[in-house]
Amino acid sequence: MSAAAPTVRRIDRKPGKLVPVLVVTLAILAIWYAGAYWMNRSLALDVFARQKVVPTTEQLVDATWSMERPLLPAPHQIAVEVWKTTADQKITSKRSLVYHAWVTLSATLAGFVSGTLLGILLAIGIVHVASLEKSLMPWIIASQTIPIVAIAPMIVVVGYNLLNGQLGVSTDASRFIAKAMISTYLSFFPITVGLVKGFRSPEIMHLDLMRTYSASRAQTFWKLRLPAAMPYLFTSMQVAIAISLVGAIVGEMPTGASAGIGARLLAGSYYGQTIQIWSALFAASLLAAILVWMVGLGGTAVVKRMGMAR
Amino acid sequence: MTSRGHLQPWIALIGLFAMVALPLDSADPTLTLPRAGVLGWSVLVATALAIVAAIRAEQSGIAGVLLAIAAHLGAFVALHLLPTVAGHPGSGYLALVLTSWLLAWALVSELSAVPRPKGFDGLLLRLLVPFLFGLWLLILWEIVVVVLKVPSVLIPPPSAIGARIATSIPTLAADFRQTFLKAVIAGYAIGCGTGFLVAIIVDRIPFLQRGLLPIGNLVSALPIVGIAPIMVMWFGFDWPSKAAVVVVSTFFPMLVNTVTGLAAAQPMSRDLMRTYAANYWQTLFKLRLPEAMPFIFNALKINSTLALIAAIVAEFFGTPIVGMGFRISTEVGRMNIDMVWAEIAVAALAGSVFYGVVALIERAATFWHPSFRT
Amino acid sequence: ADPLTLQLKWVTQAQFAGYYVAKEKGFYEEEGLDVTIKPGGPDIAPEQVIAGGGADVITTWMPAALASREKGVPLVNIAQPFKKSGLMLTCRKETGIASPADFKGKTLGVWFYGNEYPFLAWMAKLGLKTNGGPDGVTVLKQGFNVDPLIQKQADCISTMTYNEFGQVLDAGIPESELVVFKYEDQGVATLEDGLYVMEDKLKDPAFVEKMAKFVKASEKGWDYARAHPDEAAKIVLENDETGAQTEAHQKFMIGEINKLTDGTNGALDEADYKRTVTTLLSAGGDSPVITKEPTGAWTHAVTDAAGLK
Amino acid sequence: MAAGEENPKADERTVIDIRGLSLTFETNDGPVQALLDIDLDVKRGEFVSFIGPSGCGKTTLLRVIADLERATGGSITVNGVSPEEARQNRAYGYVFQAAALYPWRTIARNVALPLEIMGLPKVEREKRIAENLALVDLAGFEKKFPWQLSGGMQQRASIARALAVEPELLLMDEPFGALDEIVRDHLNEKLSKLWAKTEKTVVFVTHSIPEAVFLSTKIVVMSPRPGRVTDIIHCSFPRHRTLDMRETPQFLEIAARVRAGLRAGHSYED
Amino acid sequence: MAAGEENPKADERTVIDIRGLSLTFETNDGPVQALLDIDLDVKRGEFVSFIGPSGCGKTTLLRVIADLERATGGSITVNGVSPEEARQNRAYGYVFQAAALYPWRTIARNVALPLEIMGLPKVEREKRIAENLALVDLAGFEKKFPWQLSGGMQQRASIARALAVEPELLLMDEPFGALDEIVRDHLNEKLSKLWAKTEKTVVFVTHSIPEAVFLSTKIVVMSPRPGRVTDIIHCSFPRHRTLDMRETPQFLEIAARVRAGLRAGHSYED
C-alpha cells in the first residue's frame, strides 16, 4: 500500500463541532430528564398523596417534570422561564434576564480587565524584584484564602459607603465599583500565578542569549519572557474571566440585592423559586462560556499570529 | 550587600531628625522622643547606628542586625506609646512609625539579596522575609486602626484578633475540622481528580473533546453562590454539600489546565514516541503527563485557595452550627468582628500552608522545568 | 431637599412598604426630605453600614441593635413602627410535634446573622440544649428559603408570618399539615423592625428635627399602606430592582405586615422594650447576646418631636 | 495492496522501497517542495547514507521512511508494508538530529524509555542500558539529567537510546554531528562492527564524506530545491572495515566522486 | 580591579586573560569538576580555537568568558574588565552550540533581535539582516519560522544573528557542527576573510581538526575529567588563507600535532 494521491500536504481541516455538540447535548438532556424524574419523584408522590390519588406512571412522570418547586427542574421548564424573561421582555425591563446579564457583565469585564492588569503587574514585579517575590508572594496567596464574602461587606462598608456616602459617587456607580473590586480581587490571582510560571518558562539557552546581548530587563521581558508566557497567559485568562464572573455575582449580594444575575439568584432563592434560580444559573453559565470562549479565541489568534501554533 | 544606591537610609535620616525634634502627641507638644526616657533614647541611638551602617553599605551582617534592632525597637516604642496618643498622634509619632517602617523595608531588601544558603538555614531565611513582611503589615494595621480610632466593628486591631484567637481555640478548631478537614479536603480531591480524569477522557476521545468541552465550559463558571443552595437542597446541610460546591469550583481550572498541558509536548518528543509506536497510554504517561505537570500544578495551586473560599462561602447557605463559614456569617451578625477576623486568620493560615505544600510537591515533581533550574 | 439615607435590613419587599409608600407618595418630599432607600440582604449588617457612615438611619431587629450597642456601636431606637413580632417556628405535623415539649431530639432550622437570639432565649426557657445532644435539639443554620421543611431535612423551620409561611403554603403544604409556634404566643417575642440611629448624632437638635420629620412621614406611609394594601404592594413591586418579586406574594405579605404594624403610632412602648431585654438576658449560653441591661438604648425624643405620642 | 504488485523488482530482501516520492510543505509563505520524485530501494543488511547540502531534504526523507511525515505523492513501503504499519510493528530505531532527551528523566532512564514501552523486563533493561551507555562512553553518567551534559554527550545518549532497542532497521539523522573527530572515528568503527556482526539495515544521514564512504554500502547524494537524488554510489568494501582503509586509493576515489556530486548540488561558483 | 595589576604580561592588546581558572558544578550526583587550572590569554586580532573530546569543558570555558557561567576559582578579565562588565558593554557576539532561535519569530526577525536590543534604526537593521542572511546562504528564507528550516539552516541563521551584531569579539560554539563539508568549507573561507579584513578577535569551539588548523592563529587542545588545557599550538599561516593551503606539509604537520594531543585526551586503547 502507498501514500499516494493528494498533491498538497496535510490540509488538516478540523472536523466540525456541531454534530458532537448536538449528540452530547441530547445525551445530557436525556440524563437530565431521567434525573428530574428520579429526584422529584418523592415530592410529587407527596402531592398526590395529599390529594389522595394514586397516580399512573404517566401522571407521575408528568408531575415530576412540571413541578413548581422541584428539586431539579426539567430542561423545558428552564427553557420556558428563560424565554419568558428574555424574549418576552423589553431588554431594559427589570424582568429581563438580558438586562440583568448586562449589569453583571459590565462589572465582570471591568473586574477582569483590572484584575488582569493587576495580575500582570504583580507577576512582572515578582519575576524581576527578588524582595517582592520573597515577601509578597506568600501574602498574595494568603489574600486568596480570605473568603471573599467575608470581606465583601467590608468592601461595601469601607468602599461602597466611602464612595457613595462620603465621596458622593452615585449609588449605581458605587455598586459597580464595589462589584468590580471583588472581581478584580478574585481574578488577579490566577493571572499572577500563571504568568509567574510563564515568565520563567523560557529555555535557559534563550535567556543566556539575552545575557550575551546584555539586554536590559525590559528588553528581555518584551522580547523573550512575554512571548514565551503567552500560552500561560491565555490559559490563566480563561480561568480568570470565569472567576471574574463569579466575583461579580458574589459582589451583587452585599451591595444590596439589586440588579444583576447574582441578585436574581438570591431573590430566586429567598422565594424558593427553583426554576428562576436555574434560569439565572443558565444565563450565568452561558455568559461564562461565551466569555471563556472569546478569551480562548483571542489567545489562539495571538499565538497564531506569533507563529507559535504549528 | 551590594553598593546599589539605596535611597531608604537617606530618607530615614530625615525621619531621624523629625523624631528628635517633633512632638509625639499633638495634645501634649512637650512630649518628644528624647524626653520619653531610656526607651526614647535607645530608639534614637539604634536608628542612627542603623542608618550609618546602611549608608556605608558595609559587607556584613552587621548592617542587617542593626537595621533589625532599630526597626523593631521603633515598632515596640510606637506600640508602647499607642494608648497615649490614640486619636491625637503628633508628627513625631508619625516620623517614628514611618522611619521604623523604612528601616524594616531596607532590612527586607537586604535579606532578599542574600544568596540563599542550603538546608535548614535557607529554609529559615525563606520564611523570615515573608514573616517580616506580615509582621509589619500587622504593626501598621494596629497603629492605623488605633490612631485613627476606627470602630472595631469595622476593622478590629490585630491585638484584639489575637486575643480572640487565644480565647477561642476550641471553637476555631471545631470549625477548622468541619470546613477544612472534611469539606475542603474531600471536595478538593474529588474536584481535582475528576477534572483531571475528564481532561484525559476528553483528550482520549476527540469526539468528546469537540462535543463536551464547549458544554463543559458552560458548566464551568457556575457561580458558587448559585450552586450552593442547590447543593444544600441535594446533599443536605452537612459537609457533603459544601464538598460538592468545592468539587464544582475546582473542576474547571483543573480541566482547562490539564487539557492545555497535554497539548504542550514538543513536536520532536512526540515524534520520538511515534518511532517507538508507543500506544496512547504510554505516550500519555511517559511524555505528555510529565510535560503537562507544570500546568497541572498550576491548577492544583489555584484550586488550593479556591477550594477554601468555596467551602466557606457555601456555608453561608444553611449548615449545621459549626464551620468557618457559619462562624463568619453569624459573628458578623453578632458584631463580633474580631471573631470574624480570627476565622479569616485561620483560613489564611490553612490556605497558605495548603498552597505551600502543593508548591513543595511541585518543586519536587517538576524540578526539571526551566523555572526551577535557574 | 435635605438628603437622608435609610438602610433596610432585608431586600425590597412589602415588609418595608411604609417607607416605599412614603417615598412614592411624596410624604418625605412634603417634609423637605430627599430619602434614599438602600435595600439590604443576607450579607448586609445595617449596624455595620451605619457605623461606617453609609446610612443615617437603619431598620433592624432590637436584639441585633442591642448586641451592637454592647460591641461599641451606640445605636439608639428612635421609633418602633412594628408593634408585634412576626417570627414563628413552623413544623410538619407528621413529625409528631404538637407542643414545645416535643422538640427534644428534633432538628430545627434557625436563622442566624443576629436573628437567632429570640430562639436561643426560648430554648433556654424550655431548658433544651442546642448543641445536638439527645436531650436537646439539633440546630441547623437555615438558608433563605423554606426548602428544608419541604424536603424534610428539618422538622421545624423558622418562618415569618408575612413571608416564609406564605411560601410553605404556596409549596402545596396545607395549613392542616402544619403546626406553628408564634414567638409572640410563647412569651419570647422580641421587637422587630425598629428605626435606629447613632447616639452621638442625637445631640444635634437639627438631626432630631430631621429624624422627626422622617418618622412622621414614614408613619404616614404605614397608615397609607394599611388603608391601601394593594396599591402598597404595587409600589413595592415597582421598587424591586431584581424584578423577581411576584404581585401575589407581595399582596399576601402586606396583609400580614399590616397586622404587625397595627396598634402603634411608631413610638416605642417601654413595656415591649423591657420584655425584649428580659428575654435576651435569659438567653444565656456561652456567647450571650447582651450581658447586662443596656442604658440609653432608646429615646422618645424623636417621636415626641414628631408629635407621635 | 502488496508492495510486490507495484514494484516487480522488490524481492524478499527489500526493506525500503521508494518510487516517485514527492513531498510539499505548506507554509505561511507559500509551498516548499522538499522532495521531488525520489526513487530508492534498500535491501536487508545494507548500510545506506544520505549526503547532500544543508536543506536538501535528507531529514525529510528519513522522516517519511519513519512515518513521521506523509508523502504527498509517489509510493513507499517499509518491510513490504506502509511506513505506518512498519512503525506500528516497531520495525526501526530512530536517532534525531537533535538529542530530544526528556528533561525529567536521568540519562539512564532516557535510555530505558523505549525499553519500558516495549515492555522489556527490568533485568534485561538494565543490562542493555549499561551496555549501550558504555558503548558511547557514557558509563558513569547514568544519574545525570540531560541539561547537565555537554552537547556531544547528549547526542551520544540519544544514540545509546536508539541502539538499546536493537532494531532490525536503524534510521540515524546525523548522529555524530556534535562529536569530535576522535570520538567520531571511534564510534564509526563501533557502529561498523555492530552492523557487520548483526546484519542490521542502517539508513544514515551525514555531512561527512569520509564517514559516508567508510560506513556505507550505498551512498545517496542529494541536491536541494527541490530535494532530488542526484547520484547513487555503491561501495563494495568488505563487510568488516577498519579505519586504515581510509587511506586506500579506492576509498579516495569514491570520496572524490561523492564530493563532486555534492559540489554540484551547491551553487558556489568556486 | 584592573587586569594589569594581577597579570603583568597583559598588554593593551590583551582581550582575554585567564589565570588558574577552575569551575565545579554541583549536581544531584556530587560535584563535577568541569574546568581545572586553566591559563590562557588571547590578544586582539587572534583567532583561537578550542578543540577537545566531547565533555572536556569547551562550552563551559566559552560560557565563562561570556559571563554565562561564573568560575569557582582563578581570575579572568575580558577587555581588561570582568566578564560581567564586558558583557554589559556588549563586547562580544555569541553563537550557541544549538541554534537557540525564538520559535515565535521569523528568521529575519530572529536576526533582528540583537539589533533591536542595541537600538539600531530600522533601515540599518534591514541592511544587516539582508547582508548576513545572504552571507550564510539563507536569502529567501526571511519569512520562514525556525521549525520550518532544516537543522543546518537553523544553525546558519544563528550564525547570521551573531555576525549581524558586528562585534569586536566573536565567541562561537561549534557553529558549523551541523553543516556538510562543502558548506562548511565555504563558510570557513568566508569567516576567515571576514576575520582577515576586520581584525576581529574570534574564540571558536570546533571538533574538526582541519577546520581548527585552517582558521586559527592559536589552537587550544583540551582534555576531559577534569577539563584542562593540554597543549597550545600556534599556527603562523598568513592572515589571508585559502582552502588549498590545506594540502601543504606545514598544515598537515600541525594537524597531526593537534590530532596527537586530541587522542591523548581520549581513553581509547587503539
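In this document, chain identifiers A, B, C, D and E correspond to the written order of the chains, with residue numbering beginning at 1 in each.
We adopt the following convention: contacts are C-beta pairs under 8 Å (C-beta built on N, C-alpha and C of every residue); 3 or more make two chains touch, one makes a residue touch a chain.
Here the structure is a predicted model, which is why all the values come from computation and not from measurement.
Q: Counting one step for each move to a touching chain, how far apart are subunit C and subunit D?
A: The fewest steps needed to get from subunit C to subunit D is 2.
Q: Tell me, please, which chain's centre (mean of its C-alpha atoms) is farthest from the centre of subunit E?
A: Of all chains, C has its centre farthest from that of subunit E.
Q: Looking across all chain pairs, point out the one with the most C-beta pairs in contact.
A: Chains A-B share more contact pairs than any other pair.
Q: Could you grab the centroid distance between subunit B and subunit E? Build each centroid from C-alpha atoms only and quote it in angstrom.
A: 48
Q: What whole-Å value do you get for the distance between subunit B and subunit D if each is reduced to the mean of its CA atoms?
A: 54
Q: Distance-wise, how many Å sit between the C-alpha centres of subunit A and subunit C, to the nearest whole number?
A: Subunit A and subunit C have C-alpha centres separated by 36 Å.
Q: How far is the middle of subunit A from the middle of subunit D, if each middle is the mean of its Cα atoms, in Å?
A: Computed from C-alpha means, the inter-chain centre distance equals 51 Å.
Q: Which residues of subunit E are in contact with two or more other chains?
A: Within subunit E, residues 98, 145, 147 contact more than one other chain.
Q: Which residues belonging to subunit A are in contact with no fewer than two other chains?
A: 71, 149, 153, 157-158, 203-204, 253, 266, 269, 307, 310
Q: Name the residues of subunit C that each touch 2 or more other chains.
A: Residues 42-43, 45, 48, 51-52, 143-145, 147, 151.
Q: Using the touch definition from the top, list the residues of subunit D that touch subunit E in their complex.
A: 25, 27-29, 32, 51-55, 58-59, 97-98, 137, 143-145, 148-153, 156, 174, 177-184, 186, 189, 207-209, 259, 262-263, 265-266, 268, 270
Q: Along subunit C, where are the residues that touch subunit B in the complex?
A: The contact residues of subunit C facing subunit B are 42-43, 45, 47-48, 51-52, 64, 67-68, 70-73, 109, 112-116, 130, 132, 138-145, 147-148, 151, 153, 287, 289.
Q: Quick one: which bits of subunit B touch subunit D in the complex? Just the residue numbers, please.
A: Residue list for subunit B touching subunit D: 266, 268-269, 271-278, 282, 286-287, 290, 293, 366-369, 373.
Q: Under the touch definition given earlier, write down the residues of subunit E that touch subunit A in their complex.
A: Answer in residue numbers: 63, 66-68, 87-90, 92-94, 96, 98, 100, 102-106, 113-114, 116-118, 145, 147, 165, 171.
Q: Where on subunit B does subunit C make contact in their complex?
A: Those in contact with subunit C are residues 151-154, 229, 232-233, 236-237, 315-321, 326, 329-330, 332-337.
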